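Chains here go by letter, A, B, C, D, E, F, G and H, matching the order in which they are written, and residues are numbered from 1 within each.
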């Protein structure tokens, strides 16, 4: 009855911690996976490990690919992908990861303020749940983690 | 040697027309697919056909799903998905469709200004080409459409 | 831009004819597939071709399998499966075919009276559109069949 | 030699308990998965967690999708899906889950009274066993769980 | 509504011709594929084209692989595989091809005398129809080829 | 570095025991799966559990399907399928299981006397090893089980 | 009975022309696909269309990806991939494409001098035919293109 | 957060040991798989176990297939395949394994000197990282192995 979930998206609030704590407090048998959420480390990993680039494009490119080694793997081994959208930054990567999960047939839960309903309508339409708070996500996880008879 | 391509993303400039015209002018054997690009029609199709909703969420939801009948089908039957990002709106659906294509193993070409390099780095990293102009996309299509020996 | 659709479910009303006529009247490039809708022929095909059985179970079994040669094939080559539920009979086969399509990743449209909302909630939840009339299905097909730009 | 089975369908009799007890009594290495069988909890989970809806359709819709997070996952990780049909209610969801399993290539066992042979003929035709009692299902599980040489 | 069928198995009777003639006489829209049925040509194609071998094992090996270029391709593009078993020779290749189709999820029809029921029980159990005569196969093909409504 | 292997085919000699003993003696981390090798039990399981049939065809049919619950599962979770052919009986089921494995992309090892080279040429051509003795199979398993560096 | 083949590998001899001519002379219903075989055009396409790079690595990178848009597509739509190895250059791309085809389950034919047997043993072991001359490839194509009965 | 990696390619330097030691020193939860790197054992395993061949082609063939039992399995169960190219030998098997991983959708990391950039451009273009030293590979593995939040 164990689940593996991947927490995609916003890295500037503590929503991942809230979900992880909720899982721990309820003793749910759920493995939580997440991307590298340290912004600087994530942006510079390519140059840091594989050497500097003179152009920003290739610097970003190398970092993004190393991050993809982790994130694509985590998405593909997850039972559910939760994607959080906030009100800052373009967050195209969050939407991209929602799409990868959908393309792989992995169900998604979106997490965002009702203010974002319209621009997120296609992603919400593909989601099995649209939550507004991390607590709601935890409640869903608790519900689906009830023991089988 | 025929290709089918799907043109995803921005609906507020004439980039689709430019690519389609380039394909016609070069007599390329390429079928071009696109979403419904009429904003109002696309937003209201759910209510128009299946009846009104009192909440914006479900109004958007019904429309988004009907559009998905078309777009998911077009993505999955394409050989290449071209995604255009502009400087207006959130465009999460464009990133979402790039993700669906990637999850399905369908190659993507991105099309955007260099200004957007950093927020698009993960999508660009998954792309087989990153173009700045529709003309470059046409040049790529011409190149890969050369006859086999 | 052509679609192939399979019309599953109820065989005691003229909904298939209405959809087919709507498609023809609008000149949509849509191939319509359907099961054998002659009840007697469908029930007896196993015995008629492969010989009588003394038990009803095996008589039904042989017929159901021959019908599956057609229906499974039609479902798997369809872009969209439309499933009609009515108020008579158990119609488990309609729900079963909706499930097969869903398991194969093929989108479904359900068609039924609002009276059936509660027992069909799981199937409706998996559908990209829930229609009440064949005319609505035709309108959806017209919408998604608009030419690409 | 361990198996995972999912017990789909009827929630108004104790057939799941009988199968689970039979598995325990014979010390079979079989993990049993089941949907949430509390009718009220299952029907209301969407509103309870994500907020009320004014229409029954969307109330059902939200609940059905949260349940699908669990059931689709359980079906897809099962080696065998057992589906019980009874003589009450429409049970379209049971037939739908049989279809999902079939679409995913997961073998099914049906469990029902001979009275239901005719309306279940297509699902029975896709099943690897058609049982009338939970005890027969347990016997099959015991048989296929014998140690390898 | 067109089907593609592959006729596997026995090459020492005229059952393929009977099925092909039945298809033609009924004007069915069915493409018939078959292996190379010339025994000598099939056995020697490896040596004939790629050079002699001193051992029978490698002579057979090279021929079998060239034949597999054709037969595996034909099986995988078929909607239905019909496999005929006779009373001569070991015919392991017929059973092997039935298995390949089954592994690929392609439905099979078996064709054999009732004398062979017991040794063919596993293959018959995987078949959607078990016929005794080519005429029965043609009747099945006619039945499933009726036009859609 | 653990492997799971399925031992398919002949049930009238002690080749499975020889392979299992070789695996144990060399302490290989290999799980061995096998079908039910008790001929009577396997032939009668359908009638024994699900009730008698008046025709041999359906008696065989029910048993074969229950056995398929085990064998198809074991084949699909194996890393390698070993198939033994002997000089008695028709053994179509062994060839059928070799085909299922091949259709699923699971590698096979065949095990048979050189006398059977010609009728087994297609199956041997699909195999990654053709052995004559169980000891050779054990040697191969030992070789591929060497620790990684 | 039509086949699509992709001719991968060596671009410095006329082996593709010989195969194409053999296909035409025998009126075989075979579509021939090939990569861009103009060395300069292929090496510089990235810079030519998308702009210069200061490093050779990224110059090569952009060109290789545009070529992949064509070659990956051609491999995945082929029934057979023929790979020619010569005695010049490293030809890692030829081996890479043989691997892609193998990973996708598409059968391969290798074409090379016996001098290269040892370094090509793994690729030859995965091939359904190992030819030394283009004429042999044409003979194989003629053999497998014989009409079905 | 555990990964399984397969180390493909060059067997004449100690790069595998360096990566394994780096993994151990950093206590990474990574399983390392590798081919048989004993050249003689690998070349002769076919003859050693299954008997001598008079031709070098078939001797190589039998060995290559037994090695494929291990390597194909290891590739397909890996999360990442690392492929090392050196300056000796043709190393087509390394490129072939990079292709198999790519065809299966498994991400690759290449490891080679900048001298080899041009002939490896297609493989590098498919890689998520291009490293020059085993230490860089270890750094990447450390980075992607950081705990999830």
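As a working rule, a residue touches a chain if its C-beta (ideal position, glycine included) is under 8 Å from a C-beta of that chain, and two chains touch if they have at least 3 such contacts.
Bear in mind that the values here come from a model prediction, so they are computed numbers and not experimental data.
Trainee: At the place where copies chain E and chain G touch, is the share of residue numbers found on both sides over half (same) or under half (different)?
Mentor: Both copies touch with mostly different residues.
Trainee: For A-B, which listed pair, E-G, F-H or G-H, repeats its interface with over half of the contact pairs the same?
Mentor: G-H
Trainee: Superposing the C-alpha atoms of chain F on chain G takes a rotation of how many degrees, nearest 5?
Mentor: 180
Trainee: Looking at CA centres, what chain is most distant from chain G?
Mentor: D
Trainee: Could you quickly compare G-H and F-H and let me know which has more C-beta contacts?
Mentor: Pair with more contacting C-beta pairs, G-H versus F-H: G-H.
Trainee: Taking each chain's centre as its mean C-alpha position, how far apart are chain C and chain F in Å?
Mentor: 40
Trainee: Can you compute the centre-to-centre distance for chain D and chain E, using the mean CA position of each chain? Integer Å is fine.
Mentor: 37
Trainee: Hey, how far is the Cα centre of chain B from the one of chain G, in Å?
Mentor: 31
Trainee: If you average the CA atoms of chain E and of chain F, how far apart do the two points sit, in angstrom?
Mentor: The computed centroid separation for chain E versus chain F comes out at 23 Å.
Trainee: Of all residues in chain G, which are in touch with two or more distinct other chains?
Mentor: 65, 67-68, 130 - these are the residues of chain G that touch more than one other chain.
Trainee: Could you please specify the touching residues of chain H with respect to chain A in the complex?
Mentor: Counting only chain H, the residues touching chain A are 1, 3, 79-80, 107, 109, 128-132, 136, 139-140, 143-144, 146, 148-149.
Trainee: Which residues of chain C touch chain D in the complex?
Mentor: The touching residues are 56-57, 60-61, 63-65, 67-68, 85, 89-104, 114, 116-126, 130.
Trainee: Which part of chain E faces chain G closely enough to touch in the complex?
Mentor: Interface residues on chain E, with respect to chain G: 7, 16-17, 20, 32-34, 36-37, 41, 45, 48-50, 62, 65-70, 72-74.
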